[in-house]
Each structure stands twice: as structure tokens, then as C-alpha cells.
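Both complexes below contain chain A, partnered by chain B and then by chain C.
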Partner chain A sequence: MIDTVAAVGSAPRRRLGEASLLAAAGWAFIIFITTYMLIPVLVTAVMSFNSAAMVRFPLSGFSLRWYAGFLASPLWMDALWNSIVVALGTTVVSASAGILAAWAFSRYDLPFKNLLYLLIMMPLFLPGVVLGLGLAITFGGVQIAGVPLYGSRFLVVLGHSLWAMPLVFLLMEATFRTVDKRIVEASGDLGAGPVRTFFEIVLPMVSTGVFSSMLFALVISLNEFMMALFLTNRDTQTLPVLMWLSLRSAGTPNLAVAAVVLAVTVFASLTLIALWHIRSLRRA
Partner chain B sequence: MSLAAIPSRETNAASEGRRSAALLERFTPLMLLTPALAIAVVFFGLPALTMLRMSFNLHVDQRLFVPGLTFDHYGEIVSNPLFRGAVWTTIRLALIASLVTVMLGYCFAMLTWLKPRRWRLYLMGLALAPMLVSEISIIFGWWMFFPKNGLLSYALVSTGIVHEKISLMYTEFAALVGLTYLSLPFCFFILLSVFDGIDRRLLESSADLGAGPFTAFREILLPLTRGGVLAAFSQCFIWTMGTYATPTALGPDALWTMGLLVQEQMLSKHNWPLASAFAMLLVAIIAMVMFVARSLSTRRIDYHD
Partner chain C sequence: MIADVSGHRPALHLENVRRRYGGIVAVRSLNLSLAQGEFLTFLGPSGSGKTTTLRMIGGFEQPDAGSIWIKGERVDHLPPHRRDIATIFQAGALFPHKTVAENIAYGLRMRGLQKPEITARVREVLAVVRLSGFEERYPNQLSGGQKQRVALARSMAVRPAILLFDEPLSALDLSLRLQLRSEIKRLHEEHGFSAIYVTHDQSEAMALSSRIVIMNRGGIEQVDTPLGISRAPASEFVYNFIGESCCMPLVASGGEVRDRQGGAIDLKLHTPPREGEWRLYLRPSRIKMAAAAEACENSLEVQVGFVEFLGESYRYHLRAGALEFFCDNPAPHMPRSEIA
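Presenting the complex of A and B:
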């Protein structure tokens, strides 16, 4: 009798031990993953305020001299400007092309749908080094109205769109599926053409999807540097490209400042688009 | 009133208008698709074909390329031990990094799924960080962490764990830490979406039926997430195969990857055909991995049906 009680009692006790062990492991993992994810970000942020000319720990003191140096350097400021222009271009190109294509896919029966889908999605799965090489050797000698295409921001925008457009397309295709088809048909029955229906009925319904896909495009373009390395020259190089080239020659706290500026640019544009989106929601 | 309106719609002008509207309706999808298809065909399809053709061209007298038809560049990749080694290094690095990433990402996603709601935002934000920060910034972060004067060495020496300054910089370990860091978010979000599709009550009922946490994991969670693990693994593998900046900057000098060779042959050696041959090989391996992952996951679905 006592034996049975002991046997019944021991199983839950063992399970309790297992559970607390698992909980401890869970906490250990959370601490580990927090440290892992934050190390490179925090190290960079701290180093950007370093006062010495060398990257070494412990820091000798704090200063803003590297920020002042960054803002005063035409080389770095030009690179930042190039990055912003390319990112805006990529957002416009990939968002408009991707959204229209996604609407075509969800609204109409298309011939060769799978093939078209594959063609649009494929670049997303290819490395930047492959896409960059292809663009570089294809458009290496091409000129439009006397201006060489190679080395222009235009080509980088199209290169980045190869990644941004499929993402926009994917996201918007899923979003358009949530649109009630009857509303679209009702708009047609009431006399609105497909263009007016799209802009006045459909787009306002999916504004959150549009907004997030534009964010994706913007962030991808701002951070990408493999294709940009292949496609830019000294005048059009983007900030990540300049950072990569400087790291290969010599790493200084200057690079930490550039990394912080790049991250701030990303977050600033996220905030701007978010604010714009909230305002347009409120107006509607 | 309404009856009178119906015949009036059948006037000539109206039917003409309807016909042109129908015509417009037929060409609308084409017009909608034109920008996307133009980008895909001109800036992806054309370069892909150009690269394929380029990989068979000749490379003589230090010129970028000379039109011709040769398999020499593919032959060179196979026969040159340096190049063969780079192909092997790329695959090995991608395999190890993907395995580690999937294991970490699995635990990470499972914890996010199991933890109470208020933890979710924090953990997801943590996973989002590497996605919002540029690869080059991350590389630079680790570049300041691993060397002799870096944070790791300083922290270890000042806490008395080691007495001499140490450097893990330019080791394969550093390269793997960087690669895992960058591919973890992809893995995390794929697996989290799979976990979110699982009914949490399954765990409760398995506990009620007497299964311990480990049994529940083995018998319930693992089978339900197998497809997600496969997708996450292939995604990580494809991504790590293609990137070369991280292993080049953090790993030892001898750590040659295929991406590095493409860049080297293109930008330094100006050997376009060989660079293209490497790129085509990279694409072929990626396509193979995708095909295998796809066929494995469809077979799984067939089995369940």
C-alpha cells in the first residue's frame, strides 16, 4: 500500500523537477540570445563615441569627434546621400511594379501564372553577388543618351528592386487576397472603371500592406552592399559600400559612426513612413 | 421608371462603350504586369542568360573576355585544387552555419511561442535587430568584439577568466558566429509562423495524458514542425552559400568561398568568364537545394494525405 503511494507520488515530483530544469534552461537561453543579438549592435554604438583613434577596449574616453569628422567629410556624406537616393528610387520602382503585378495576380486569371510567378520571385533566392555580376557584365558597356548605365544610381536601383520587388509582390498578393471581391464588383457595377476602382476602392483598403511593403523595399536597399559594390563607382558608391571598402583597408571608429548613421537613417525612414501612414489613415 | 432605364442601356453608344470596356478589361492584366515583367526580364532574365553565355567564353591576353565556346572554366574549377577547395569550404560553412542556426532558431521560436504574450514583443524585436541593421555594420561589430584589443578579450581578462589577451579574430569560429547571427532572424520567423499554427492545447492534453515535456517535444512538436525545420534549413543554407562578406572579413585569409572568388575574378582579375562560371555553379547548387527541399516537403504532405 505504501509502495503504491510512493510510486504515484514520485512521478509528478520527477515531472516537477523536469519542469523547473526546463524553465531554468529557458531563462539561460533568453540571456544567451539577448547577449548574442545585442553584442555587435552595442559594441558599435559605444565605439562611435570613442575619443581615441584606435579601435580598442577599454575606451580611453568619450567624445563626438568621429561624428564631427563624419559630418565634415564630403566622401562619407556623399555616400550617405547616394544611399538615400538609391533607397527612395528602389522603393518607388519596386512598390509600384510589385503592387500592380500582385493586383493582376489576385484579380485576373492569367495564362502561364506559375511561370510568371517563378520569373518574378526567382531573384529573391539568388545571392547578391550573382545578381550583381550579371548586371555588371550585361550593362557594363551600355550607354543611354551618352551616359554610361554602368556605375549609375539607376542600375543600382534596378538591382535592389530585384530583391525588393518580389518581397512587395509576395506581401501584396497575400494582402489582396483579403480584399472582398464583391466590393470591387460593386464599384464596377456603379460605373467606376478598373483604374478608378483600383485607386479609390482597393488601395485604401490595403494601405497597411502597401505601407509595410514600402518599408521592406526601403530597408533592403539602404542596407544592401553586395550588388552596389559591383555596380557603383567612386561617385555613386553607397554608404555600406564605402564602409566595406574602408574596413578592408583599415577599421577606425569612423566606421562605427557610419554604422550608427546608417541605422539611424533606417529607423528615421521607418518612423517617417509610419507617421505618414498614420496621418493618411486618420484622414480616411 | 426603372423599367424604362433598362432598354435605354441597350443603345448603340452604350454597347460600343461596353465593348471597349471589355477590351480594356482583357488588356488590363497585361498592363498591370508590364512593369514587373519588364524588370524581371531585362534586369534578371537577360543578365542570367548573359552570364550563362559568358561562362563559355574565352579569356586570353588579359582581355575581359573573347567570344568563343569552351568548357575550360568549368574544368578549371574542378581541376584547380584551390577552386575545388573553395567550393567545398562554401558548402561546409553553409552546412555548419545552417545546422547551428536551425537549432538556435528552433529553441528561440519555441520559447517565443511558449512564453506569455508580454514576452513576445521583446523576443521578436530581438530577432528583428539583425534584419534592420546592415550586414556590414554587423561585421564591423564582431570585428571589434573578437580581436586581441576587442571587447571579448578585455572582458575575459578583466574578470580574471584568462590572464593573457586572446584573439578569436580571423578564425573559422568567428566566421560561423557572424554567419549564424545574420541568418538567425530568417530561421526564427519561418519557425515562429509554424509554431503559431500549432494548437497549444495539444501540449496540455499530452501532459494530462501523462507525457513529460521531453516526450511531448519528441512526439508532438517535432513531427508538427518538421516541414518548417526543412524550410528554415534550406533558406539558411541558400543564404549562407551566397554571402561572402562575413566569412571573408571575420574568417582566416585562407577561407575562400565561392562568392569571394566571383568578386575576385570579376573586380580584381577581370576574368569575366571564370567569374560567370562560378556564379552559374553557385546558382546550380542553390537550385538543387531548393528542389530537394521542395520534393521532401511535398512527399511529406502526400504521406499525410
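Presenting the complex of A and C:
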């Protein structure tokens, strides 16, 4: 009895020491990881504001001349435009295909469901080189209404969707599983057909999932380099492709500007996802 | 075409409806008719097939065999949205992103009603369930009982041939459950809709129903009015399922009745038991103690095991020879007494 009382007196102090040590270690780890992750982005960002004509330390002075140069260059602006068009196309294609496939998966008993699941997920695990090469060989000589498919932005959209669609599918399949089956049944019960139910009841209920999976598709396409390298020509090259090519010829600070533009777009997308998510949590 | 003798079409008619899941029979060959304006309750333990039957009527599941008719029209091949029914689900199943008014208007829009008519109907049913002024609320701003009343309003608004209730009160706490139960009863008496109600709560079934269907293991045990079921249970299962009962295993031989250990029991019955083993069931409320027992036909000297206080009465756990049973008495008693 007395022993227990004594133990109660000393135990919390010992635990407190251990806990604060752990907390300190935790913070050190978090700061290290965060810094490590931010370094590449921060260094490129700093470089883009450097006045020197080479991407190199030491810094010589603050300047916006490379931003002005980037905006004035038709070459860079075309590449940015290509990136945006391809990313939007990928978002539309992969979201519509992925969301519908996920709904079918969560709602209906399909034959060979597990096999189908593997098939849908497979491209996500294939290297971009393989997909890019495969698409380039397959569609190398194909023309639609006299326009060659190879080199077109449409083919890049299809390529990027090979990665974005499985991701959308994965996210939405998990989201659809959280939908209360009885609410879907209630809609049919009140006289709405399956299509009506999907668009008026199901989709609004999973709007957060739809929104974030679309942004993920957008980000994947913006970042993708390998397939775009295989599938584009001078007219349709995306920003990462142009960056790669210009790094080979000359390391101008335009590169750093392009990197910052890409990074900012990605950060903005991720922030939007987070904000939307918080909003939906508050509403629930 | 299904019609009764007088030419009236029943609101609902089930003919040889069956359903199995793999090797398990969920519903075996069900035959049933629901008259216009009748309130019919499926009562049974879980796994008795009552919910499966309701879901087949609603169109959420397909019967393996048999036919389902709503107002004389065969519907068992139709999906839910083509059937003239509306279901009140367990937890309401309101559309979370729509307001109360939009929830109620949904079914009306699907039936192609015009806007002014929809607005009028929404206001009307909200008044019926006493939620006027709640039009612009979202479901997450409502209490459990209010949600269920909106669900009720949403289903009533479309004026279906049959309202289906899928254990609508089971997610609510006791006082709310009683309150809503009376509310459903009032609405049925005032509006006279035809209803199928599924529950495992016998007091709900007793209070609400015109007729009760007692289900067990996928089949019907008894169909009768609440009074008929409590007065004349058709089987041992029904007797046990409805109300509390004491079971006394007995052996009858040579005109004498004994307990399992051979102790003789002086039992006077209207119909003398045949030879063999029997189980005699008694309602604990029909067993009287001490002085009140003197007027009874059968009496028994017992020992009191232990006593539970139930709030309004005392429950005496009794023993007589090999028999163990209990009875309820409003007043505390002497430890030894005679019962009948």
C-alpha cells in the first residue's frame, strides 16, 4: 500500500522528463525533414530572383528581369500554355473515366472485379518511359482526319490519363464506400432513376473527393516529364520538356523561373485541396 | 389481375414470394394481402426475413420466385423508382446537401409536379408532421426525432400506394421512440394510408398495427390483430416471443402430471394433456401470490429464491420441486407464500 503511494509520487516526474525529450527529438526531426524537403524549391526560387545570367552561386543581386524575360518569350509561354492545356485535358478525361469506373465498382457486382481492379491500377506502377515509348510506337503513324496523332497534345493527354485515371479511381472508390447506401436507395425510392440519382444525390455528397481527385490529376499532368518527352514535338512540348532541353543547351535563369511557376501551381492546387477539405469537415 | 371477392384491389399482394442467399433461405414461400388503409407490421427476431420481405416490396431486392402486386399491378420486375411506394429508412436517410424543403420536394419533382404545387405540398406535409418553419434547415441542424419526421413527411408527400417503414424508430432513444410512435399512429388514423411496418419491438407492433405478421426463420408463424395475437398465440414461438413467459417442463403419464424429477403436481386443465413430455407456459402477470391466490383453480406451494425490484413491481423468482419460474407482484411479500 505504502509502496504504491510512493510510486505515484515519483512516476509522473520521470515520465515528464522522457516525454519532453521525445517531444524535442520529434521537433528536431520535423524541422530537419521540412528543411530538407523545402531546400530544392527554395534554392530555385532564390535563383529565379538573381540578377546574374547563370544559375549559380554566389548571388549577385535581386532582379525580376528573368520573370519579365520568361513572360516575353514566346517559346516559354507556348510551353506553359501546352502544359496547361494538357493538364486540363487530363483532368477532364481521367476524372470522368475514373469517377464513373469507381462508382460502377462500388455499386455493382462486376464479373472478374479483382482482375479488373489490377488492370486499372497497373499503369500507375509502370515507368513513364515504358508508357511513353509504348504510346509513341503504337500511335507513331496514326492519323485522325489527316492530322497525325503523334506529337499532338491529345496523345499526351491520353498518356497522362494513364497515370491520373487510376489515381482518381483509387481516391473515388474509397470515397464512394463512405456513401450511405440507404440515401442512394431513398433517391430511387422517391422516383429518381440511377443516372438522376448519381448526378443529383451521389456526386454532391462526394464533392470533396471529386474536387481533390481532379486537382491531383491536374498536378500529375503538370509535373509529368517522361511521357511528354516521348510524345511531343517543338510545337507541343510542355514546360518540363522545354526545361530539360534548355538545361542541355544553356542553364539560363529562365529555367528557375519555369521551376517556380510549376511549383507555385502545384502548391496552389494542394492548398485548394486542403481548404476544400477543411470546409467540408466543418460542414459535416 | 388480383382482386378480392367484393372487387376491391388490395394495396399489396404477395404470392409465393421466396428469397434465398446462397444456401440460406431468407424468405420461404410468402403469401399475404394488405387491404387499403391497413397498417400491417412484420414482427420477428433478426434474421426472420422481415427486412428482406420489405426490401423485396420496395424493389431493393429481387425475389427468386413468386409475384408482388401493388394495387393490382405486378411490380416484382420493376426497379424501386418505378414502384408506387415510399420508404422511411432506419436513420432517416435524408439527403445531407439538401434543405428540408428540398428533401421533401425531391420526390414531387421526380413525379413531374409543377413548382407552385410542390411548394404547397411541402408546406402541407411539414404542417402535418408539425415542423412548419423548418423548410430552410439542413439535416445536420435537426435532432434525431426531427430527422425522422422529415423522412416521414418526404415519403408522405408523394402520396404512395403504400408507405414502407424499415425500423424507423430503432435509432432513437426511448422517450423519443414513444413520442414518434404515437405520432405515426395519429397520422395513420387521420390520413388512412396503407403501410407495411418492420420492427423487432413488440410494443411498437402492438400499438400501431391493424394486423401483425409474426415471422420466424423466413416463414409466417401467425397473422392476426394485436389482440388476437396476445390472446391466442398460434405457436410456442409466438407465445414466447410476445410478452414474458415462464416455462414449466412437465411429464404426463396415467392421468397424472409430474415435474421432471417425478414430483406430483396437482394440475387442473380444461383439456387434459396427452401422455408424454410437455412444456407448460404461464404469463408471469397471471400468477397470483398469497391471499390473492386462494380464488385460483391451480395452486402450488413454493419457495422464494430471490426478489428483483423492477420500479413498479417486485419480481419473485420461485421454486417448487424441479420447477423454476417467476412472477410479478406490486407489493413486497413474505418470503414463503402460496401461488396459483
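The rule is simple: the second predicted complex is superposed on the first by the 235 of 284 C-alpha atoms of A that agree within 3 Å, B and C clash if a C-alpha of one lies under 4 Å from a C-alpha of the other, contacts with A are read in each partner's own complex, and residues count from 1 in each chain.
Convention: contacts are C-beta pairs under 8 Å (C-beta built on N, C-alpha and C of every residue); 3 or more make two chains touch, one makes a residue touch a chain.
Nothing here was measured: the structure is a model prediction, and the numbers come from that model.
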| item | value |
| --- | --- |
| Chain B versus chain C as contact partner of A:Met205, first or second or both or neither | second |
| Touched partner set for A:Ile33, first chain B, second chain C, both or neither | first |
| First (chain B), second (chain C), both or neither touched by A:Arg182 | second |
| Partner chain in contact with A:Tyr150 - chain B first, chain C second, else both or neither | neither |
| Which superposed partner A:Gly193 touches (first chain B, second chain C, both, neither) | both |
| Touching partner for A:Phe70 - first (chain B), second (chain C), both, neither | neither |
| Touching partner for A:Phe49 - first (chain B), second (chain C), both, neither | neither |
| Most chain A residues touched (candidates chain B, chain C) | B |
| First, second, both or neither for A:Trp163, with chain B first and chain C second | neither |
| Overlap of the chain B and chain C footprints on chain A, listed as residue numbers | 193 |
| Chain A residues within the chain C interface of the complex | 180, 182-183, 185-193, 196, 201, 204-205, 283-284 |
| Chain B residues touching chain A - in the complex, by the definition given at the top | 21, 24-25, 28-29, 32-33, 35-41, 43-48, 50-51, 54, 104, 107-108, 111, 114-115, 123, 126-127, 129-145, 149-151, 153-154, 158, 181, 184, 210, 212-214, 238-239, 241-245, 249, 259, 262-263, 266-267, 272, 275-276, 279, 282-283, 286, 290 |
| Contacting residues of chain A [partner chain B, same complex] | 11, 15, 18-19, 22, 26, 29-30, 33-34, 36-41, 43-44, 47, 54-58, 93, 96-98, 100-101, 103-104, 107-108, 110, 116, 119-120, 122-123, 125-131, 133-139, 158-159, 161-162, 165, 169, 193-194, 219, 222-226, 229-230, 240, 243-244, 247-248, 251, 255-256, 259, 262-263, 266-267, 270 |
| Residue ranges of chain C touching chain A (in the complex, touch as defined) | 58-60, 79-81, 85-87, 89-91, 93-97, 106-107, 110-111, 140, 154-155, 158 |
